[in-house]
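First chain written, first letter: the chains are A, B, C and D, and each begins at residue 1.
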Amino acid sequence: MNTPRITILSGTNRAGSATRALAGHVAGLYRAAGADATLLDLATLGPEWFTPTAYAGRNDTTRPEARAVLDADGLVVLTPEYNGSFPGALKLFLDMLPFPAALAGRPAAFIGLAAGTWGGLRAVEQLQSIFGYRNALLFPGRIFINGTNENLANGVPASDHASRLEKQTADFIAYVARFASNR
Amino acid sequence: MNTPRITILSGTNRAGSATRALAGHVAGLYRAAGADATLLDLATLGPEWFTPTAYAGRNDTTRPEARAVLDADGLVVLTPEYNGSFPGALKLFLDMLPFPAALAGRPAAFIGLAAGTWGGLRAVEQLQSIFGYRNALLFPGRIFINGTNENLANGVPASDHASRLEKQTADFIAYVARFASNR
Amino acid sequence: MNTPRITILSGTNRAGSATRALAGHVAGLYRAAGADATLLDLATLGPEWFTPTAYAGRNDTTRPEARAVLDADGLVVLTPEYNGSFPGALKLFLDMLPFPAALAGRPAAFIGLAAGTWGGLRAVEQLQSIFGYRNALLFPGRIFINGTNENLANGVPASDHASRLEKQTADFIAYVARFASNR
Amino acid sequence: MNTPRITILSGTNRAGSATRALAGHVAGLYRAAGADATLLDLATLGPEWFTPTAYAGRNDTTRPEARAVLDADGLVVLTPEYNGSFPGALKLFLDMLPFPAALAGRPAAFIGLAAGTWGGLRAVEQLQSIFGYRNALLFPGRIFINGTNENLANGVPASDHASRLEKQTADFIAYVARFASNR
């Protein structure tokens, strides 16, 4: 396999999110591991993504944000937990992607983070249910970062989380390679 | 209990949705049953709901859409199924409501609809998981309308669905009444 | 409403479980609050519950364990987390109860417990999904006890958990009372 | 990769189940496709699997039923839907398998079946949630057979289901091969 193209999806559009900070850190891990990493930050989506007529453009594959998904050999999705689930903005983005090309057969890894105890468990599991429904290839090694106020400083995780993120990076690159001939 | 105030939430912002058409029908059922019904159509939400800074205004209780939820004795949530789940726009709306007042202790009934076989089952169950997490009072009698192209004409459901909707209306009003002294 | 009859279901058949110990404590709370509490311990189920032909007897309402459910004004279900879900033994028991009488319209509260971080969150949520599917009335105030090795000593919970259990007891009795005329 | 060893798990212990009949058909498909297929029928589990002390023997790897899982390059799990979920007997069996060896890193495919409309969707998704939690490798192509009274005759599926089962068989064998060097 050639250099794997990995898109890191920062799964909220909230200004100044810890998710966005961590996504930058994760993109750095993938680059350090030899991948071609693209950071896709939902906070950059314009108002045209949230209009009653936006659905008609769902299959437009020329939008850069859609391309960042369609061109990826693997997706790393970072999600905070809002109301016991993923952010609506993240699902809205998924709803606006070409079907079925966006997710079907595409490897996907997940990272949840939350200020509370559960570290985004519910958000990640509901997302995996959606990705599985759309026939994505679910990488099993999930990461949950709880207590983000203590465990994340400017996107840099505390040491045990840091080593788990490094392991996920290496393992997900290997997982993506297994499916390289598939796409 | 006085006249119950029921807010009917049309759970997508997609233009011309079957969900919006059915929501109008459901609002009529509640009015016919003596309730004070308000129809809340997510297609009317402006771009200010989808900005990185919108989260800071989450607890603004003066917005009419927030009031439609906060003033309701019961919510009836209609949801289509997008990508095996509820629309992102619906969750975004929930993410922008005052916490915990929006959902805690509030009775909620659910109607799913989909063009396919499953009638929104997954969308409704994931929503119920969120409402349950936020301590809403989940009305057990759910309705799923599958094959909407055949079973819904301009928001008017086929006969067996129609009678189930009427039963849900009556039963949910009774359910809301049980909690009237609670709020 | 007369004295509410509450059945406390200890949701595993494992010998010497923390769940069984806590169930005894919870039964005591309900008695102290004036309820008529019955403790149903799945560890007492005999081998006749796990045979290929047991399903044929599902609607036998004379079995004491079935009666403990059918006669309850409310169920309090305690579940540990095995493999990220409820014990198979608990679901087997539910599969052997009369349908739909066992769960439909019956108030149910949930307590999860686990040695790990998540306190049975997944186990409880999957159970609630089943109870909701069967039209039970889901009491919103759930309790999760994590780190049971530290937080439970012989079934006696640490102080913050203890006060939450007392609150759940009082609130669930009030919830059951709201539906008393329903059954 | 050598001949893949595939274990077909008939996920209920109910006597005379459609699941068992279909499992026999599926085992035949895998044999026809060149796999070494083992059929594991939960109806053959003896009463020793359902005792309060059985949990202590969970890590006994000498039991033939445990070996059928541990030696498999891939698992095909067939599940009916009982009470909107998988059978308790199936989960009990999983609870009695060695941890983490039984599921971690093991490819798994799923087939749901039900007499009703939903074809085991809920049962399969809850199982996938458990297998995912235990780090199994979830094969994305799921099969749901609804209306089993019409669509299954003695385990032989109607034609459209039959061709989907054949496709799942071929695709799952290819999926298992991708991970062959992993185990």
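Heads up, the rule we're going with is that a contact is a pair of C-beta atoms (placed from the backbone, for glycine too) under 8 Å apart; a residue touches a chain by one contact, two chains touch by 3 or more.
Keep in mind that what you see is a predicted model, and the values were worked out from it rather than measured.
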Pair with more cross-chain C-beta pairs in contact, given A-D and A-B: A-B
Farthest chain relative to subunit B (centres taken as mean CA coordinates): D
Geometric centre distance via CA averages, subunit B-subunit A, whole Å: 29
Cα-centroid distance, subunit B relative to subunit D, in whole angstrom: 37
CA centroid of subunit A to CA centroid of subunit D, Å: 30
Overlap residues in subunit A, where contacts from two or more other chains coincide: 122, 125, 129
Subunit C residues touching subunit D - in the complex, by the definition given at the top: 13-15, 43, 45, 47, 49-53, 55-56, 82-95, 99, 122, 126, 129-130, 133-134
Parts of subunit D lying in touch with subunit B, wherever the complex brings them together: 117-118, 121-122, 125, 146
Touching residues on subunit C, where the partner in the complex is subunit B: 104-105, 125, 128-129, 132, 135-138, 140-141, 178-179, 182
